[in-house]
Amino acid sequence: MSANLTYPQFFERLRQIKSEKGLTFADLAQQLGRDELFIAAIFYGQAKPEPEDVENLNKVLGIDYVGEYLGEHYFPDRGHLDPVPPQDPILYRLFEAVMVYGRPIRSLIHEKFGDGIMSAIDFRGHVEKVEDPKGDRVKITLDGKFLPYRRW
Amino acid sequence: MSANLTYPQFFERLRQIKSEKGLTFADLAQQLGRDELFIAAIFYGQAKPEPEDVENLNKVLGIDYVGEYLGEHYFPDRGHLDPVPPQDPILYRLFEAVMVYGRPIRSLIHEKFGDGIMSAIDFRGHVEKVEDPKGDRVKITLDGKFLPYRRW
Amino acid sequence: MSANLTYPQFFERLRQIKSEKGLTFADLAQQLGRDELFIAAIFYGQAKPEPEDVENLNKVLGIDYVGEYLGEHYFPDRGHLDPVPPQDPILYRLFEAVMVYGRPIRSLIHEKFGDGIMSAIDFRGHVEKVEDPKGDRVKITLDGKFLPYRRW
Amino acid sequence: MSANLTYPQFFERLRQIKSEKGLTFADLAQQLGRDELFIAAIFYGQAKPEPEDVENLNKVLGIDYVGEYLGEHYFPDRGHLDPVPPQDPILYRLFEAVMVYGRPIRSLIHEKFGDGIMSAIDFRGHVEKVEDPKGDRVKITLDGKFLPYRRW
Amino acid sequence: MSANLTYPQFFERLRQIKSEKGLTFADLAQQLGRDELFIAAIFYGQAKPEPEDVENLNKVLGIDYVGEYLGEHYFPDRGHLDPVPPQDPILYRLFEAVMVYGRPIRSLIHEKFGDGIMSAIDFRGHVEKVEDPKGDRVKITLDGKFLPYRRW
Amino acid sequence: MSANLTYPQFFERLRQIKSEKGLTFADLAQQLGRDELFIAAIFYGQAKPEPEDVENLNKVLGIDYVGEYLGEHYFPDRGHLDPVPPQDPILYRLFEAVMVYGRPIRSLIHEKFGDGIMSAIDFRGHVEKVEDPKGDRVKITLDGKFLPYRRW
Amino acid sequence: MSANLTYPQFFERLRQIKSEKGLTFADLAQQLGRDELFIAAIFYGQAKPEPEDVENLNKVLGIDYVGEYLGEHYFPDRGHLDPVPPQDPILYRLFEAVMVYGRPIRSLIHEKFGDGIMSAIDFRGHVEKVEDPKGDRVKITLDGKFLPYRRW
Amino acid sequence: MSANLTYPQFFERLRQIKSEKGLTFADLAQQLGRDELFIAAIFYGQAKPEPEDVENLNKVLGIDYVGEYLGEHYFPDRGHLDPVPPQDPILYRLFEAVMVYGRPIRSLIHEKFGDGIMSAIDFRGHVEKVEDPKGDRVKITLDGKFLPYRRW
Amino acid sequence: MSANLTYPQFFERLRQIKSEKGLTFADLAQQLGRDELFIAAIFYGQAKPEPEDVENLNKVLGIDYVGEYLGEHYFPDRGHLDPVPPQDPILYRLFEAVMVYGRPIRSLIHEKFGDGIMSAIDFRGHVEKVEDPKGDRVKITLDGKFLPYRRW
Amino acid sequence: MSANLTYPQFFERLRQIKSEKGLTFADLAQQLGRDELFIAAIFYGQAKPEPEDVENLNKVLGIDYVGEYLGEHYFPDRGHLDPVPPQDPILYRLFEAVMVYGRPIRSLIHEKFGDGIMSAIDFRGHVEKVEDPKGDRVKITLDGKFLPYRRW
């Protein structure tokens, strides 16, 4: 690889260039025509960009080697998660929310859809800021296809 | 307690009565004027109802002892979570979603709000069914107040 | 419930009746018109039968209370797995096979399908006996829909 | 060793050369007269090639040092597995499939073969793509010799 | 089952009757024509007796219900192991011996046999007392078939 | 140290020289007048050689710095075990054998010796190949002094 | 970054300069007009300083690159905790204190405040030395906003 | 014991009587002349009351068997902690606070006291409600004797 | 068994009788002519008494069924340890002491004895109270035979 | 630091110089007027020397930089323990001894001292060799101040 970086170094550099150029993920999302969280996931090695995204990233970041790392043969290694349970305060609260409300959520899925799951693969997500006089709110949407268990 | 049940038995009976009466959490939510997930959380011992909710639950379920269990001195023991990581397929995929997209979500929160977290306490959530010709989708919303770290 | 059993007791009784009647899962599969592994999964609480399966099970096993346990409102609680890693010698070797060959399998899925997974939900499996003069062989098939990661 | 690589570096280079030459494991399998998954397992250090495989790998990849690493004295160190349970989404679903259906599979092996296991050593496996108008399917075959427990 | 015992209770009773009759596993082994460790493994639910063993156990122990528990449909549930690592001092030292000398043993197997394992299924074991003026010695033999990895 | 190696590097070099000279542990055992497994244990840092062994190793391997590493002040750091439970297939089956047969082995030790353990310190072990027309067998002997618990 | 340090190296250097200058956290707290524990948390990467703190730190420490590391785009990665449970004797005793008295503390919070938690985000803490003729005492204050669970 | 309760049942009954009498730990603390958290710790089996406390508890609760359980020979079994890390939201945030700020707290103890620890044995703690227009605050004090490491 | 108790119940009763009779382990040690810690270990199922100890225990405790539980065929099941690491404050500090000083202790054993261990089997221990004007001290002695590693 | 070493390297060098000079911890203890185990603990970074010890160490080892590492601002980071439970055979047996005899030791402490612990901070320890015709014995003394739980 021309830039001679390991993948962790490559992703760190991507984030550093973005930071030096003063770009937010919202800016990048607008310029690439993708969702913010999808773009952020690419910057952490958790999503695979399309070829046009690779081209656009090169342009926006002013570099030419994104394709060497994120090209056709690239597949994200999505297994490098934080420790379980996560120790970072933000990640822990996400984890707590889905664990504390996990069985109630499961019951609602059963009532509304039947026997199956929300896919984490055919999936998209969003992070929004909702202004509120009592204190702004973080609104996170998890949106996945319902997959029913088969009868065979 | 009149019904002489442990808490796990009490919550199991609540869910059984609801099932025998053919009530969904959506029905209960409408009759109690609360959100579905909040009601479901009460049925799993993960939320504390208001006194009026206790009255309404007695009426709707046709019993008279909800207040003995969920009255003024009741505080949910929210620490009885599934194993970590969860082994149930639905819960695992929720877990996977917040772990795989955890660092990207954290970056977006930092960009949009600054240094802080999404509260899992000043929090509400929703589970919706979104019809889609390619396959219906599960839409889960996590909605918590942004809490900034203090400077002191 | 008429038979007044916990779910673990109910599934244990189902397997005991089957054993006393000298029925194999192959017999049951033929009579219910389902696959063996699906039927076996029902007997361990890991699959949800259709209403007609419930009727047929009642007939074949000579009982009348299958529907009280596995009826409309029943959803399998699939999270009661063996310890991880499993200690049973059969389960351990299954586990070892998918762990030792896990990264090679992942590479083949990437080469043949692109970025995605084999679903464990839209899934069916089979266990076959293949006679072989050097020693019979166990052939296990895992057959799941390919789910591509979305671009969003 | 002439190429002066650690084993992890050596296997990484093998995969990189294969990628740069645009070769798939299917191509290699055809040219070496072996099964795809066996070849893929060699590339991840999970299988030991025969001397003729070593020669053929040198030829196909255009290098001359495969034998220094994978020669007579080489024995795969098969214990470098992913974390348990695996965090990679593909590996997790394989793991989930054999855990969720583990006890049913065990019962079928007992019914069809008696007291014993499916070997993970006298073993071969396959990954196939099965086209399907409702969505292509991944078909994984685990094929191991049945080993009965002895009486002694 | 006539004696109406769970399996753990049944095995506990077997051991108690043996103890009350003053029988050792050596006595039982002689009377059943089996090895001591195999017999002891039956008494802990870790081995499956042949039908003739079942008959002989009934005779020797003076009971008639061994076949109800250990008959044709019985398959040992070998996964109920002690905690890992074991805390019992005897079991810990066995564990320590195979862990401390594990890699050296693996090298000797590779040198003497090639790429493969010692089976723990096609396996037998022995515990002997070797008298020694410096202190008697425990001699444990682990004797399993060599299983080579296949090329495919 | 003259050769300027860390201990892991030193042991790796020892094994590499042995391999390049085409020596087996059986050869070394014969030339040093020691048991094979003891010699193999030295090569993995799990045993301390006597001064004469150090001299002999230098001669047989054609080097002069064994004493710098394995001399008077050297004490093996025996705590660098594989993960628990081990993931390597050979080590796992050793582990499984002593865990599955652990309680039966303990009972036999109690019956034959009384209250005590098999020492893993005053200990020796052997790995033998036993030819067998049905398939060669691996015979591993664990031979340790019986240590009775004291009364005090 | 001008000083070309990783974050762990940067924080280590900060603490080293502080030590060489003979400054205590109490000194720094006074000069920056902040609390001691907040300042100490900055030096371990567990708190985000305000821009004026960055300027003041540069001055007090006699360097000019604090802003490169702790500027606008810096967000503490608070998830790098000690092992759980902590092994350091000081940290273990803090852990023991909140675990041993955890349920009693929870009951007092419920009695005094109702259903909710003490925030660890809208939070400040103090470490004080209280002189006492029987032996000085460490007084640690944990001071966080009460957050009630919502009804929704 | 006259009331014929296990210890967990006894402590549960104590808390139930207190609840039925509408007593808070603050009330009890005032009547017994002790601190609230010490009293609460007694009610969870985490502290040993003095004989006079036992008498007073009998009086206040209107029972006569406290001494049978918490008398001279009673020693709290303080090792029955919640899971580690705790899953209850209140306990988790206490845990997070001492882990996130653990190393900074350790540094301050070193600076103010030297090499030693805050005792969790010669220890007392308090939970206070501090009213605040921006939201009431929970103030928890951990107050333990400083214990210096000895030189010997 | 005449008293019809499980082993945990039997040991609990032993301790209860001892407590009701106002006996200390020091009293019992004197009357049985054994060491205190050995006697205490019997009362927790961690040591096997000699036949004369069984007789003496019956006499001192005023019962007649000790031999039914602790007779010839009784062997302590020493593997029921506290969680690891222990959560009880007393046990944790013992654990901390041997872990913090573990490597220094190992070095001293090597210097004084050579390559080997302190036996935990051929072992005795003592707990003494040493009066000291600065505060009484607990003195625990661990006294085990040195076992050298063999050369073979 | 003049010698430009990390702390682990520094302690490794200290032990190497000691070894090259043929000094034992007993020699050092005599020359510094300290206990052996305290000195050994310094050499593993588990104890803080007094200024005079630092001077003496420089002299005895013939170096001049001990103070740069172990001076006034040095505080041992005692949390770098072996894995739990320890895998080294010496450390494991220490661990086993305090775990197997843990509850009996706790009872003796309660009987002799009341409700409290043996301090691991106000603590000293010793390792002695006791010659014995049946085999020399290792005698380890753990000697810590008794700390009573307070009433507050």
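Read from first to last, the chains carry the letters A, B, C, D, E, F, G, H, I and J; within each, the first residue is number 1.
By definition in this document, contacts are C-beta pairs under 8 Å (C-beta built on N, C-alpha and C of every residue); 3 or more make two chains touch, one makes a residue touch a chain.
Chain labels with UniProt names: A, B, C, D, E, F, G, H, I, J = Cyanate hydratase.
Being a predicted model, the structure only gives us computed values, none of them experimental.
The set of chains touching chain H and also touching chain J is given as G, I.
Contact count check for E-F and B-C (C-beta pairs in contact): higher for E-F. Summarising the inter-chain layout, the chain whose CA centre lies farthest from the centre of chain E is G.
Centres computed as Cα averages put chain B at a distance of 49 Å from chain I. Chain centres here are Cα averages; for chain E and chain J they lie 43 Å apart. Chain C has residues 78, 81-82, 84-89, 91, 96, 99-100, 117, 119-123, 147 in contact with two or more other chains. Pairs of chains that satisfy the touch definition comprise A-B, A-C, A-D, A-G, A-H, B-C, B-D, B-G, B-H, C-D, C-E, C-F, D-E, D-F, E-F, E-I, E-J, F-I, F-J, G-H, G-I, G-J, H-I, H-J, I-J.
Across the interface of their complex, chain C is touched by residues 73, 77-81, 84, 120-121 of chain E. By the touch rule above, chain F contacts chain C in their complex via residues 85, 87, 89, 92, 96, 99-100. Interface residues of chain F, counted against chain D in their complex, comprise 19, 82-83, 86-89, 91. Only residues 34-35, 38, 47-50, 53, 75-76, 110, 115-117, 119, 121-124, 147-152 of chain B touch chain G when the two sit together in their complex.
In the complex of the two chains, the chain J residues touching chain I come out as 24-26, 36-37, 40-41, 43-44, 46, 78, 81-82, 84-86, 88-91, 93-109, 111-113, 117-120, 122-123, 125, 127, 129-130, 132, 134-147.
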